[in-house]
Amino acid sequence: MKRIIPMWIAIIGGFAMMLSSFVPLAESAGEMFADVFNVVAAIAFVLGAGSLAKQHLEKLSRRDAGWGYSVITLGSFLITLFIGMLKIGIHPNPSFPQAAYSGSNDAEGSAWSWIYEYMITPLTSTMFALLAFFVASAAFRAFRAKNTEAILLLVTAFIVLLGRTFAGVVLTGWFPDWASGLRLENLSIYVMQVFNTAGNRAIMIGIALGVAATGLRILFGIDRSWLGGGDA
Amino acid sequence: MSAGNFNNTNASARPWFERLDRIDRRWIFLLMFLAVSGPILWIGVTGKTLPEAPTLAARAVFQEIDQLPAHSLVLISFDYDPASAGELQPMATSLVRQCAAKNLRMVFIALWPLGNQVAQQTIQDVIRDDYPALKEGDDFVNMGYQAGNEAVMKLLLTDFAKAFPKDSRGEATSNIPMLKDVKMVSQFPLLISVSAGYPGSKEWVQYVISAYNEKMNFVTGCTGVSAPQLYPYFPQQIAGLLGAIKGAAEYESMVNESLAVDGVATAPKYLQAQRRMGPQLVAHLLMVGLIIVGNVIFFARKRRGAA
Amino acid sequence: MRITHKILCRIFTNHSWKCVATFLCLAMCCARVFAFEISSEMSEAVAPTTQIVAAQNIFAKNVLAHNAPAQDANPPLVEPVNAAADFKPAATPTAAPARHWFNSEKTALFLWIVFIGAAVTVSVWLAKSGRPIRIRRIAALEAVDNAVGRATEMGRSILFVPGIQDMDNIQTVAGLTMLGRVAKTAAEYDATIEVPTCRSLVMEAARDTVRASYLSAGRADGFSADRITYITDDQFGYVAHVVGSMVREKPATCFYMGCFFAESLIFAETGNAIGAIQIAGTAESSQLPFFVAACDYTLIGEEFFAASAYLSGEPAQLGTLRGQDVGKFAVVVLIALGVLASTILVMAPNAAAAVWFLYVLQKVLGG
Amino acid sequence: MTRQAKTWLVIGAVFVALLVARGMIGQGLGRVYVKRTDVTVTLPDAAAVNSAAAGASSTSASTSASTSASASTSAPTSAASTQPTAPSSAPTSSSSAATISWQEWKQVPPLEFIAAQKANPAQTEITLSWPRTIGLWLAAFFTLAIFSFLYADNPFYKIAESLVVGVSAAYWGVIGFWDTLVPKMFGALTPGLVKSLVQPSLVAPEMLQQISMIFALILGVMMLWRLLPRGGWISAWPLAFIVGVTAGLKIVSHVESDLMAQAAATMKPLVVSVTDASGATNMWDSWWASVANVLLVTGVICCLAYFFFSVEHKGVVGGAARVGIWYLMITFGASFGFTVMGRIALLAARVEFLFDDWLWLIDPNHFRGL
């Protein structure tokens, strides 16, 4: 029973949504669902926060190796939550001074924007910047002419890499006009327009069919592994 | 260097290519750091930038804006946040600058929560600082952020004022002089999106540009990651496309050239993208070099294996 | 409730022919609507020569624009664009009634969904009735068992990353169906599986899935909810934690199944550095190159969605894969026909038959 | 002491020495200046405020802006007052004057500070901001701490990692509360409260909106049921609803925008004649355009052949699939090359932050001198 009801909820909800896309009266159902979903996800933050707190409190109480880091995580979590939820140090919006919480958390100079600017931004964008190092090491290791596929992969990457800088212009800029199509910068655009378009299109068509089949598997009750286990 | 070394390797020591192949990847990281920081320091100290040769897609962006008559309405959507500002801010700055210099009437919107913030910053840096004659409400207006992603786009198709009921100052849309006659998005002859992902250029094409059978002109600037997904739409749906910092640098150089005044150096804020092309060039060359070295190792090993 | 369930199950799965019949009825109804629409448009339509001109203009615009985008908005081209708009009467909103029970502009879309649904249902039905299905080998999925076994042998854990999007993304759902399979294998091999998640809802769903997998593998006692944790909603905060724990705990096998963005390569390179076997699957085409370059096996786009069905080995599920193939075949045929018609049109501009054919095809594809 | 610890010590010592040296030279490094602006806002007349607040004052525990009158003047010289006062105590005025005022601080380039000091050494309008300067140094520390992960896992990285997890988890929770729950759910269910406390411009919710939000609330409560000792299974219901609806929605949207649109766009003529401005056919361009279309159509069909599951990759299909995988590889190579650009730009941005904002080694924006 515990599996059957959820399965039917999914089936009915799914088919209703599918049909609603075709009924002009119900066309906004998708957007309404997006709102409902966002609210449910925001409420579910309580669960995530609970899990986070539990993990770290357990580490703390067990005095696991590195429990000090758990203190940092928990402390920073609680402080940020406190500052943000109560809008500490935020003025009301000048247009609506009578509403105490009308100010935006992002106002310059607030504690919240300090956290954003001096903690979240440097930490996350540096994490993001690590990619520059990883693309280099991945290119060194993986782009080797082992077979036809690998050769195509690396030659294309090579053309685009060169074509997207001034080096491409220097290397092939002297090509005469009738062969301008072979200049690296044009070649890289050509690759994008023809090969990349073809590849991406086929991937997209495939994905559309994949999504349709996955969705139908769920809606026909064939695939129940998301409910746990194949055979319910 | 390969053949000579190769025959001389002594059987007990590992051949050079094996050693090179097992090189600690941290050396590669170090090289990458130097390849990026070296040019930044050099350009920062000398102030020199590399020349640019604009490609088709970037030239198209420039021409789309250039051909509009003065006082045309332009809708500029800021679909990115500070995290992607490194790539996209130079484009946004140059796009707004060209529009301001052409005296177009600009309507700024944001579909990313933090897009409003970057839009404000761009307005401050370009319009308020350098084109103080343009008046908010008459020549440009910032409508701020609206939540809803594609839903906002779809709403724009039918009712502009409903999608953006007030501007970022809190003024009702119906009271803004330049928007008096604007009912829907199709009244803008040009739509510009500076986009870092979802929602962004692709959604604009799908929901707005396609809806008008490509009657509206659309130019966009995007991050390197999303560029490959957008090239299929160029030039039919997307009339002009700035891909990553390279596109930004090409376009920036065109705008600078068109607005250059003899004897006056271009302000540094209008050279951001071209400055960033320095580290790009060296880092790309490093990548190319690494790929070549990787393959030299591969072939050396193959020959050894075959011998 | 159980009885209703049984009845509904019968309708849907056991007696798929009923389902097929329902679908076919629906399809016929729609085909009628569709045919009516086309014929009425035909009668209303402008003279064929205008249509030919319009069709040519479409191509003219594409071709010219292809070579000189800057000219796109020049006066001579404005006219063809308008003509092209007239060429697709269904797209003009003025003609459609404001509110209706069925949005006739979406007839083609509806038919496509009915068609795919029918193809899937018929294939499932055929598969269930015992017709053998051959499915080609997918290397990445053949490797799953070995990869899980390797973790057991090495006494290390398995890391499963279900992407960084929430439950309203179908890739996350597909990732979780995959998690169900992997967790079952892991439970059978007695390997531990760690699932850090980026969203609270995904954590809850993943706990349900893994718990049920352990249950169905008969090892309910081996399940620990604490291995499925919520980290943070922030993309790079999540990445920082996952790669940090990767280098510390050195999982033997890493699965990345779901919707990924920039973090794909950070995960894959870190996993590579610690010597883990890595199997990735995503439909995010911008990230596929990184997984292809840095992982041992990658499920590309559609393969990712097929993974769960493939691993289940059940005839019904494999049947849906064939249904997908039928859809693909239809697309290939339509594209081929469309290309043929448009080529004829370019070679012989007055081939009225080609114009109509192309028009119908575009209609079918909603183009 | 282990070798690794020694390495870290040496790196750290060299680094600090360089930093100190840098601090001695020229303008020094890493400071943030702010400019003060005073903001005074007149409250709308008391009657209007009271009526607006009436809905809230009975239900809300927090003080309404019109009634509280705690003194919170922050001395303009104290740079630390960039975080002025809590909203509940923000008004500085008595209720009769009905104005509130506060200071706002905007970051300005050091150049402005230098100019202001030159004009009037006693000015207090532009000052050094300690909180922001400390923030800047923290940001630099975090940047380096994350970069240090490239060398090896280490305590600095672990500190940064623990912090980013804690801060960002709370950050998104807060965003979810103020940007989703408050305007959407509370805005629909308790519009009076939201209007008086948060968003006076709130548009009255529609009936449908209210119903959907009640539904969302029910789903949310079902999710949270899990925290109770009994009946946690009910949380599977909202999840099932979400999964089902997502499946239904995505089937439609993917078939529409990916399958149909992409297939229609591929129906291109294999032969193209390109005419130039004078109307004459340009052979060379026509040839290129035709080849491009042929390659495109072949590519799409071959790649689709690769994705066939129920056909063995042998014979014609096998050949097509092989060509298909070549196309895919070219696609991936191109995407890779393009993405590299963006990644390097990101690294460049971080390096610029270190060199420009923190170390003051370069000055591309002319913030510190010409």
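A, B, C and D are the chain letters, set down in written order, and residue numbers restart from 1 in every chain.
We adopt the following convention: a residue touches a chain if its C-beta (ideal position, glycine included) is under 8 Å from a C-beta of that chain, and two chains touch if they have at least 3 such contacts.
All values reported here derive from a predicted model rather than from experimental measurement.
Common neighbours of subunit B and subunit C under the contact definition above: A, D.
Chain closest to the overall centre, judged by the mean of its C-alpha atoms against the mean of all protein C-alpha atoms: A. By C-beta contact pairs, the most connected chain pair is A-D. Centroid to centroid, with C-alpha atoms defining each point, subunit A and subunit C lie 17 Å apart. Distance from the subunit A centre to the subunit D centre is 12 Å, each centre being the mean of its Cα atoms.
Averaged C-alpha coordinates give centres for subunit C and subunit D that are 28 Å from one another.
In subunit A, the residues that reach two or more other chains under the touch definition are 5, 18, 21, 34, 37, 40-41, 44-49, 52, 95, 120-121, 123-125, 127-128, 130-133, 135, 137, 139, 141, 143, 153-154, 157-158, 161, 164, 192-193, 196-197, 200-201, 203-207, 209, 211-212, 214-216, 218, 226-227. Within subunit D, the positions touching two or more other chains are listed as 146, 149-150, 158, 160-161, 164-165, 167-169, 171-173, 175-176, 201, 223, 226, 236, 239, 242-243, 247, 250-252, 254-255, 259, 261, 263, 265-266, 292, 297, 300, 304, 307, 328, 331-336, 338-341, 343-344, 346-347, 349.
Subunit B has residues 25, 29, 32-33, 36, 56-57, 170, 225, 227-229, 232, 234, 243-244, 246, 280, 283-284, 287 in contact with two or more other chains.
Put simply, subunit C touches subunit A in their complex at residues 1-2, 5, 8-9, 12-13, 98-103, 106, 109-110, 113, 116-117, 120-121, 124, 166-168, 170, 173-174, 176-177, 180-181, 184, 199-201, 203-205, 208-213, 215-216, 226, 229-237, 239-240, 262, 265-266, 268-269, 272, 283, 285, 288-290, 292-294, 300-306, 308-309, 312, 314, 316-317, 320-321, 323-324, 327-328, 331.
In the complex of the two chains, the subunit C residues touching subunit B come out as 61-62, 65-66, 69-70, 72-73, 81-82, 84-85, 88, 91, 261-262, 273, 285-286.
Contact residues on subunit D toward subunit B in their complex (touch as defined above): 150-151, 175, 179, 201, 203, 257, 261, 265, 331, 334-335, 338-349, 351-352, 355-356, 361-366.
For subunit D in complex with subunit C, the touching residues are 146, 149, 153, 157-158, 160-161, 164-165, 167-169, 171-173, 176, 223, 226, 235-236, 239, 242-243, 246-247, 250-252, 254-256, 259-261, 263-275, 285, 289, 292, 297, 300-301, 304-305, 307-313, 328, 331-333, 335-336, 339.
Looking at the complex, you find that subunit B touches subunit C at residues 25, 56-57, 59-60, 63-64, 67, 197, 213-215, 217, 225-226, 228-229, 234-236, 239-240.
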